[in-house]
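Same chain, two partners: subunit A is paired with subunit B first, then with subunit C.
Right after this comes the complex of A and B.
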């Protein structure tokens, strides 16, 4: 059994840790690229969202490298993601790819199916290996997010452009080859220090922008055209509001035990949105409200074209923007890889934020200004 | 005797505009408009040669904008490289004090900029569709066999504009053909097309925006009187088309250059010698990792002067224009 799976940012590091501990043969598809996109769009329904298309591309590239089993998440709810596993499997069958699928369902939604899918994984390596694999995967996921968060902090302040990205990428590769919990924690500490050493002490205090929106497009740099890096180089400290660690904690562990509720989200979104509309729709609204109160300079809302939950949020955010006096830029991503238009919007948005921060009007007798 | 001027350059997909602003009055002293024709460097050199030949200007500051702003910045030695939204806003504020809404429609894109108290407070650009931009009007004028310059004048003659679907240019075109075959007059069809374009713009780009006067209409399409009248009818307000509506981006870039020079002093302009230099752009795919970045090197007289496109940064030039998009 050779397992492959779709990419979502650096999640592959955690999946790799878990599955190799269970002694599975693992085929990590090449990072999403223009080729992945071309393959994915060629075989996917036209109006489906980008995450499905890139996923199909990832599976096809994994199969080319010899994979015979696909790993994918399932789920229910208003977002179409829940049936993507089935759809991707159908698409691959139609292409003559005889590939088995392991679909991880939410234990609360369908415990029987969850159990039937998790048992072969346990049988493969034994309970002990599963426990160790889960521990390593969890630690790596925590470390990845910590490193990324540190890079978001360092980028707008770094002395040498792109240094933080270089250190981050090297650290992530080292992390892949570290296989003890203690080792992972030590590496993470060291590399975070290393990242912070890149800070220029005289750097100005950067603008702070929160990124809200659909989880895949936030986490996958190929899909969002390196949004977080671009903002960093424009002198913006990015807060990524979506965290897989938090998501797993809340939605998998706590919610399975009946201990999680989205009450704080509903409280924040009160007056705008009263129900979960699937995906991260409610989150996008609630987080925007919350960040406005925390002194953030602006919000970037990112979503794939045709994403229903985020379209709901997109229609609500202009009102939040007016009520809380916080600029919001919605960015829709799809197949286009033309970066110029994307960069133009980001630069203009950052200009808007910085001019606003300066109080707008700067009157200098000799120099012209904006008015 | 040469007069000191600020140079503003807007290299867009369709046209390359150069504007010279008098350094004292900040009025337009000269402007050059050339078609980009897919060769931004050559076009820029040709346009600069036109200015050099007049031999009456001394350039004391340079600003670039437009989709090739980064490239133009490197070639010229720009003091400021700025996105076109900011550049258009700066220019509109300069020529029309108190402007609160800017409608900008160019060849390939359209934008709306909302200003309050002289500061950009919101903006939007057309996203997934090019309906309602200059290229479509160009194409329809060509199909009807009228010069684009006459489009607006003819549309103004209309008494009963026909209803044309504006959502999508494919629908618009089939609607137009249908109306034309029924025998509607050319003027009514053109005016109907203007109305449709305006409706499309206001529902897509202007969605959710509070449009307050003063309203300024700029970009190449502002030359079309029919479009202006359609906007005035739809918005029920006066729409101002500034005198230099077609080069507002370049004016904005020049104004930003003057601001930068006030702050920083001497210009970094490379001089008119750039019209003599030989430039090559050379692109290659880096194979060092799986990202396979497409790297572009700009070579001037055999020497790499700038390089961009890498995600990791290792091939980027040390030049301040080398970063992703050169924010500034």
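Right after this comes the complex of A and C.
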């Protein structure tokens, strides 16, 4: 059994840790590229959202490398993600690639399938290996996010351009080959220090921008055309509001214990959005409100074209922007890979933010943002 | 309950244009049209607007995220609205919850027993109407000319039965001498049974209806026409699944994607071509052209 799975940013590091601990053959598809996108777009429905298309591309590239099993998450709606696995299976079947699918779904969804697929998977390596694999995967996930967060902090302040990205990439590769919890923690500490060493002490305080929106497009640099890196080079400190660690904690651990509540989000979004609309829709609105109160200079809202939950947020954010006097830029991403237009919009947005900072446009609410 | 009900006009160009202007670019056509209708009602001078949060109408199923936040979308896209009446219709844990949210709404305007009675009458009326639709279906109709083509038309009800956005597709097919079948002519139990062919349970009620009825119609209809609206999230998946199903089972399938484009000629040509294909298929003993290739090529 050779398992492949779609990419989502650096998530593959954690999946690799778990599955190799369970002694599965793993085929990591090449990082999402234009070829992935071309393949995915060619075989997916026309107006479906970008993550599915890239996922199909990842699967096809994984199959080319010899994979015979696909690993995917399921879901129970209302977002389309819940049906991704089923549709991707259909697409691959019609292409004559009959690969087995392991879908990590809610046990209530299809218990027979859950029993026949997941339980052998757990039994294969034994409970001890599973526990170790999960611990490693979790630790790596935490380390990846910490490293990325540090890189976001360092980039606008670095003395030598692009140094932080180099150090980060090296650190992530080292992380892949570290296989003890203690080792991971030590490596993470060391590499964060390395990153911080790159800071130019004389650098001026950068602008602060929060990134809200759909989780895949935030985490996958290919999908968002390296948004976070671009902003860093433009001298902006990025705060990524979506965190996979937090999401897993809330939706897998706390909610299965019945302890998770989105009350904080609902209170923040009060007056704009009354309840969850699936995905990260409520989160986008609530975090925008919260960040406006924390003195952030601007918000970038990123979503794939036709994303259902985020488009509700997109309708609402212009009003949040005016009420809280915080510029919001909504970026819709699709198969389009032209970087120049994207870069120009970001540059214009950053210019607007820095002028506001100097007091030029402060009171002109009509021209607070455009999207 | 003694309240006067004002209904918006039939969709027209002005309504659509207003909606398109008020909405964000990437949202689906039905929401754009809805915004136009809301504006139409506001201009008629109403005191309250009834726009519910519709989370779910069947157990463990959803409608679509946009319906879950519809009043919030409306409130943020349009200015100067009268107060909204927005009960939360959430049947995820059983449909009895739905009843209570309606009655709670009703009790704002009338005593509780009156609201209860109004709810009872309204649901009875709705049931009667739905039963009537089932009774009128092709299966239950006695006379049906044997030569006419039977076409199943699939799509959200708000597309199918809106003559303006669907470009009168049902009427046009009927004028061309076709017998029409739609999902509301099948009772819900049958649809649920027929949606079992899916590998994974469909968690959108409308998606389940479309896929279940496609499976049901596959054996009965000469061809299937799917109406989808551009940028509709559920349609992007369900239409593709229907297409794959039809392709595998050699059922002629026509997908018509609707957006704010109002030129009708392109749609008409496609329908005519599709009907021609079906007629020829019948003449040639159901020998239909294989997918992507003409019949008469060597």
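In this text, the second predicted complex is superposed on the first by the 348 of 371 C-alpha atoms of A that agree within 3 Å, B and C clash if a C-alpha of one lies under 4 Å from a C-alpha of the other, contacts with A are read in each partner's own complex, and residues count from 1 in each chain.
The rule is simple: contacts are C-beta pairs under 8 Å (C-beta built on N, C-alpha and C of every residue); 3 or more make two chains touch, one makes a residue touch a chain.
Remember, predicted model here, so these are calculated numbers, not experimental data.
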item	value
Partner chain(s) touched by A:340 [first = subunit B, second = subunit C, both, neither]	first
Which of subunit B and subunit C A:332 touches, first, second, both or neither	both
First, second, both or neither for A:65, with subunit B first and subunit C second	neither
Partner chain in contact with A:162 - subunit B first, subunit C second, else both or neither	first
Touched partner set for A:318, first subunit B, second subunit C, both or neither	both
Contacts of A:31 with subunit B and subunit C, given as first, second, both or neither	first
Touching partner for A:277 - first (subunit B), second (subunit C), both, neither	second
Contacts of A:306 with subunit B and subunit C, given as first, second, both or neither	second
Contacts of A:253 with subunit B and subunit C, given as first, second, both or neither	neither
Residues of subunit A at both interfaces, subunit B in one complex, subunit C in the other	305, 318, 332
In the complex, subunit C residues that touch subunit A	23-24, 26-28, 53, 55, 60-66, 68-69, 71-73, 76-77, 88, 198-204, 230-237, 239-241, 244, 247-248, 257
In the complex, subunit A residues that touch subunit B	30-31, 33, 161-163, 165-166, 169, 226, 229-230, 233-235, 305, 318, 321, 327, 332, 334, 339-341, 343-352, 355-356, 360-361, 364, 366-371
Residue ranges of subunit B in contact with subunit A within the complex	26, 67, 82-86, 89-90, 93-94, 97-98, 109, 117-123, 125, 127-128, 208, 255, 258-259, 262-263, 290-292, 311-314, 316, 322-325, 327
Subunit C-touching residues of subunit A, taken from the complex the two chains share	45-49, 74, 76-80, 82-83, 85-87, 89-90, 94, 103, 109-110, 272-279, 281, 305-309, 311-312, 314-316, 318-319, 330, 332
